[in-house]
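Across the two complexes that follow, subunit A remains constant while its partner is subunit B and subsequently subunit C.
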Partner chain A sequence: MTALAPTDKPAAQSILEKIGAGNIVVLVLLALYPAVASDFFLTQIGAYSLILGMISLSLMLLAGYGGMVSLAQISVAGIAGYTVAIFGLNNSGVHGFGWPFWIVVPIATLVAAGASALIGVISNRTEGIYTIMITLAIATAFFYFTQQNYSLFNGFPGYTGIRAPEFWGVNWRDPMPFYYLCLGFAVVAYAAVLYGSRSTYGLTVQAVRDNPRRMRALGFNVTAHKVVAYFYAGIIAGLAGVLLVWFNGRISPGTINVSAAINVLIIAVIGGMRHPIGPFLGAVVVVLMQTFAIDIVGAERFNTLIGLFFLVIVFVSPDGLLGLWGRIKPHLAQESLRSGP
Partner chain B sequence: MAEISVASRLQGSGAYALELDGIARHFGALVALSGINMRIAAGERRAVLGSNGAGKTTLFNAITGDFLPTAGRIRFFGEDITDLPPHERIRRGLRRTYQISQLFKGLTVLDSIFLACRGVSRRRFSLLRPSINDVNMVQAESILNAVHLESDRDVLVATLSHGQQRQLEIALALAGAPRFILFDEPAAGLSPTERRDLVAILNALPKHIGYIIIEHDLDVALRVSEYVSMMHNGRLFKEGTPQEIEADPEVQEIYLGGKHG
Partner chain C sequence: MRIHRRTLLALALATGLTAPSLAFAEDSIKIGLLATFEGPFTVLGEDGERGAMTALEEVGGVVAGKKVEIVKGSSDASPDSAVRAARKLVEQDGVKVLVGPLSGDEGIAVKDYAKTHPEVTFVNGSSAAQDTTLRDPAANFFRFGTDGAQWMAGLGTYAYNEKGYKKVATVAEDYSFPYTQVFGFMAEFCKAGGTVPSKSWVPIGNKDYSSVIAAIPDDVDAIYVALGGADGVNFLTQYQQAGGSAPLIGGSITVDQTVLTSKGKIRDVLVGTPSAGPIADTNDTPQWKAFVDAYKKQPNAFPSPSLFAHAYYLDMKALLMALNDVGGDVSDGGKKLQETLAKVSFDGPTGKVSLDKNRNAIADMYLTEVSEGTDGNLYNKLVKVVPQVNQTLGMAEDEFLKLGVVGRDNPSCP
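Entry: the complex of A and B
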């Protein structure tokens, strides 16, 4: 290596530089948020945005890096939720084995990841709009199956009375602990995706998105790399599903219906899929609108407002809010968003 | 690494790098290839010439496994690879480039070559970021130099010029200890200067790497090959040294329109 280009990175980066100033500022603000927020803002806005952001993050991982738009991520989260209800405690009188959370949560996450990988195997031979169609079909079929199956999913009513656990002397159902629990999971998922996007595997997924044929010609098993991406996305969606069932205290077919599936896509598109922060931005916007649009335009028309906002975003900036940021500060955006498509 | 030990075991066994026995490929009623027999020694550099539609790229696709031949067997360094999937053939040291660049537009130049090196090693699923001292990263840097792209190492592939993309196309094929490379019109769309660079890059390849080059530009093809096979309508119809081929009246009639020379 005689001639390295002058753009070569400095030999040693401090930890601060590696994490990035922007990430640290956001993390500090989010950690201080409970100091100013009421319980309502802490759970219904804060925690709920983080949970939906994680589910959308799992979609962003697949779609942004891998070019695979899966509409079944809410189903994957739902599978984790149902697993928690079946193996943990519920008050529906069906199943509810009462296993401790530290067994139930890993099981739920793995079952969800396995289901996600299976969806990856099924949809592997499709591309673009056909991936959307087949995963939408899977999500729809799963919704109807949970509604009609009573032996496992307890049909239409689903499971109720599912509670976040108590441990380390903390009741994690309480607003502030639950917010920090969600924040912790979300930060881990966000950091993993951000770091992983520049890992060997992360690069292979982006290369498969750009040119699967060439990846095959370089010795990569493209199918395996895609399925593994679904598996990792399933872990994130599964963890979010656990949080979601603790947040709602219940899980039923209504949690995973088609409009919920599309909601996940809307969040990802509004936020932008070039960087893992996008889904969280989108989640905050959508949750705020879903919560307060009723006050502005009434319960009948709040979806119209969300729809209009979605149209405006797509029309003004196909890359979502992140793309908007890119237009205002192109030089900054190019640096921080480089790893995206 | 396993693939290197395979290479060393076959070295000196006198095996051919590539043996094609009666390769045929039909697309419905269309006969794209028929009865192709070819023996290429290890380290040999062969040009395949022929007019458009002669079946040259189809032959490459059959060798790499992009699709299976309708009939015939393919042996690579003595091993029958006819039924192997493409990525298994690559792991045995077979590489190709494409007539139309097949690159990763969203990655940087260095990351692309790094992945190409990683493709035939373990740790393809590693969730760690590669360090600058990673063995595949070091290989990628040296390939970067070999194809004269060192000043563009951190540039997004989508922003490269056409000529640079053709250089990267070659770089991807050089990654990960190749033993035999199929070059599909590497000079397509290059300027005269870039063509001279290309000839220099090809002639500077390590001697143990053999290749087949498809090339319409005879000035390039005849300067980088030791032996020439002519194809016409899906068949091989003439073989010889570059001098013999250039002087052959029948070749001049079909391929050069009788005007070359």
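Entry: the complex of A and C
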């Protein structure tokens, strides 16, 4: 949140107004969440939702502001994860150079961001459904490549025994530190996207989304703007990938397969793509459903229930949960007018 | 006012997320059941469940006077999903004993996870990778269903001596269980004098086998196929459509009931295929027949139990016996239960089962050949029983360990 330093123009706005009371309330509640949550809810639901939310946020950044729906964001996260496994420590007996985390994490993030930018370059000439197709192709190809390449990605079993770092006397994979670690990264990513969307660059990207031809005529380098958006999205997805590999303690092709790629899109669609909070909302709903649907309907039909539930959300509100909120809000406001003193 | 409402909403959301874990009555035991209820091995996972439920129904769903409550977890055959499901069962549902998982690398991943929860007792489902128990085992992980190399006992020698195959190509899925199976087959086959000039590894869930089929050398005497479920059916169908005529040798799950019950022309290809595994459909001992009858009472059961049903049955049965011996008491961190489990020895449907020092089973293996029964169904006809095969295939342990970790390139005899 601190990234939102007040600018000098509208001097009347206080910091509070600038950040938004809603954001502060949500942040405080999330910070207090460990006080009431069990370890399982802290990591398997809380931290996992934040990680998936970040990966989806990188998709939302591209799709919501740039109009580029990339299904390869999970591959970008996977590249970061594999980089951590290869340069850090693992117990699979392949690579594992044992470099310290403060070198490995920036490298992993940069490699992921670079890969994301490359995907941006490749898919640049496409639009709409063709972007989805080409990025899906990239995600699928990368999945099969990791599954069959043993010299670099160690094939089907992938890498195991990857541990989160321990410093300042804290094991960062313990439930509470890990939750706060994820929360910290997620908040920074969220604030950065929110701030970026109002910056000159963010507005330019949105203008490119709305009318690339006019922007080109005005002298903007449309290609460069899009590729840079992919780079930024890659940083967010890369950081999430690092957290994901620490969270699982392992990475294998199963982490980045096609259904995982689609999952990221589902999360973004369920949550809504208009505002960066959407992907996080979607992630919470999807993680809760995928974890507990099996308890509701049993092992045979739980995927059907998940599918139906998502269908209902999209059917009721094409803009996802955010759209639902957008529709309820005016009613609430009116009601408060009526009952107010 | 608006902020106030939002706060309330957010608060309600936050409380909902923490869902307090419910207290359960003391007179029931929760057993986690982890199997593949999604993905390419769904059919196999469902049959594993039938096997486990058969064992549970044998004791009327009650052990040591306590009602058994089964909590199911689902994976999709990838190690990540298996660990996630195991975590949920252990950390959220609070199970102290867990049966599963189904597939090879899942087993290795769950074994690694088991080390972080020594108070929970893990009993394998049907995962049969060698290194789940051979190298770096977990003290609280037990396997009563034997491993994939053990399952191959007798097959390599039979193929070389009786069938006269000198040169065999292999087609198998690209993960630890098929590595283990190919290892078990080649250990005997190469020793007998046979050669394996070509090994193809395909990803799980592969649909198009044309390039694999094209890569099989023309001059091989037979093809050793270790593909499971839908993969096996897809390969066999496409191999036949491509005009392939080489005889087959089956991995344990290739000619399992999950494949033999599929419809279409592949039935003709399969008849006469030799294989080996922990079960034989035409086994006529009374123990086996009783097991088949009990199994058939399960909903949607196959004409004969698959080896997944059998493995889950053995593991669940052993666990229930041990639980009964300790009076269903796991309050001591599972210590007594684990000590008892390590000593469990019983006569299962396929003969005596006991554990070695790595907590891996020693059991009888069955050499079989696919044949058509009088009712038109395909069965694995029993050819020979190989008694009491251990994990090192009868070799001394250090000698066996020297053969190296199973993998794509080990063993090799081109």
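Here is the rule we go by: the second predicted complex is superposed on the first by the 318 of 341 C-alpha atoms of A that agree within 3 Å, B and C clash if a C-alpha of one lies under 4 Å from a C-alpha of the other, contacts with A are read in each partner's own complex, and residues count from 1 in each chain.
In the analysis below, contacts are C-beta pairs under 8 Å (C-beta built on N, C-alpha and C of every residue); 3 or more make two chains touch, one makes a residue touch a chain.
Note that the structure is predicted; figures quoted are calculated from it, not measured.
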| item | value |
| --- | --- |
| Contacts of A:213 with subunit B and subunit C, given as first, second, both or neither | first |
| Touched partner set for A:40, first subunit B, second subunit C, both or neither | second |
| First, second, both or neither for A:203, with subunit B first and subunit C second | first |
| Between subunit B and subunit C, more extensive residue contact with subunit A | C |
| Touching partner for A:221 - first (subunit B), second (subunit C), both, neither | first |
| Touching partner for A:195 - first (subunit B), second (subunit C), both, neither | first |
| Set of subunit A residues, in rising order, touched by both subunit B and subunit C | 340 |
| Subunit A-facing residues of subunit C, complex | 1-3, 5-7, 10-11, 14-15, 17-19, 21, 35, 37-38, 46, 49, 71-74, 76, 78-81, 83-84, 87-88, 91-92, 105, 108-109, 112, 174-176, 201, 203-204, 408 |
| Subunit A-facing residues of subunit B, complex | 64, 66, 86-87, 90-91, 95-96, 98, 102-107, 111-112, 114-116, 118-120, 123-130, 138, 141-142, 145, 150-154, 156, 172, 175-176 |
| Residue numbers on subunit A that touch subunit C, as the complex places them | 21-22, 25-26, 29, 32-33, 36-41, 44-46, 144, 147-148, 150, 155-158, 160-161, 248, 250-255, 257, 259, 284, 288, 291, 294-295, 298-300, 302-303, 332-333, 336, 340 |
| Touch list for subunit A against partner subunit B, complex | 1-5, 7, 195-196, 198-204, 206-207, 209-211, 213-221, 225, 228, 338, 340-341 |
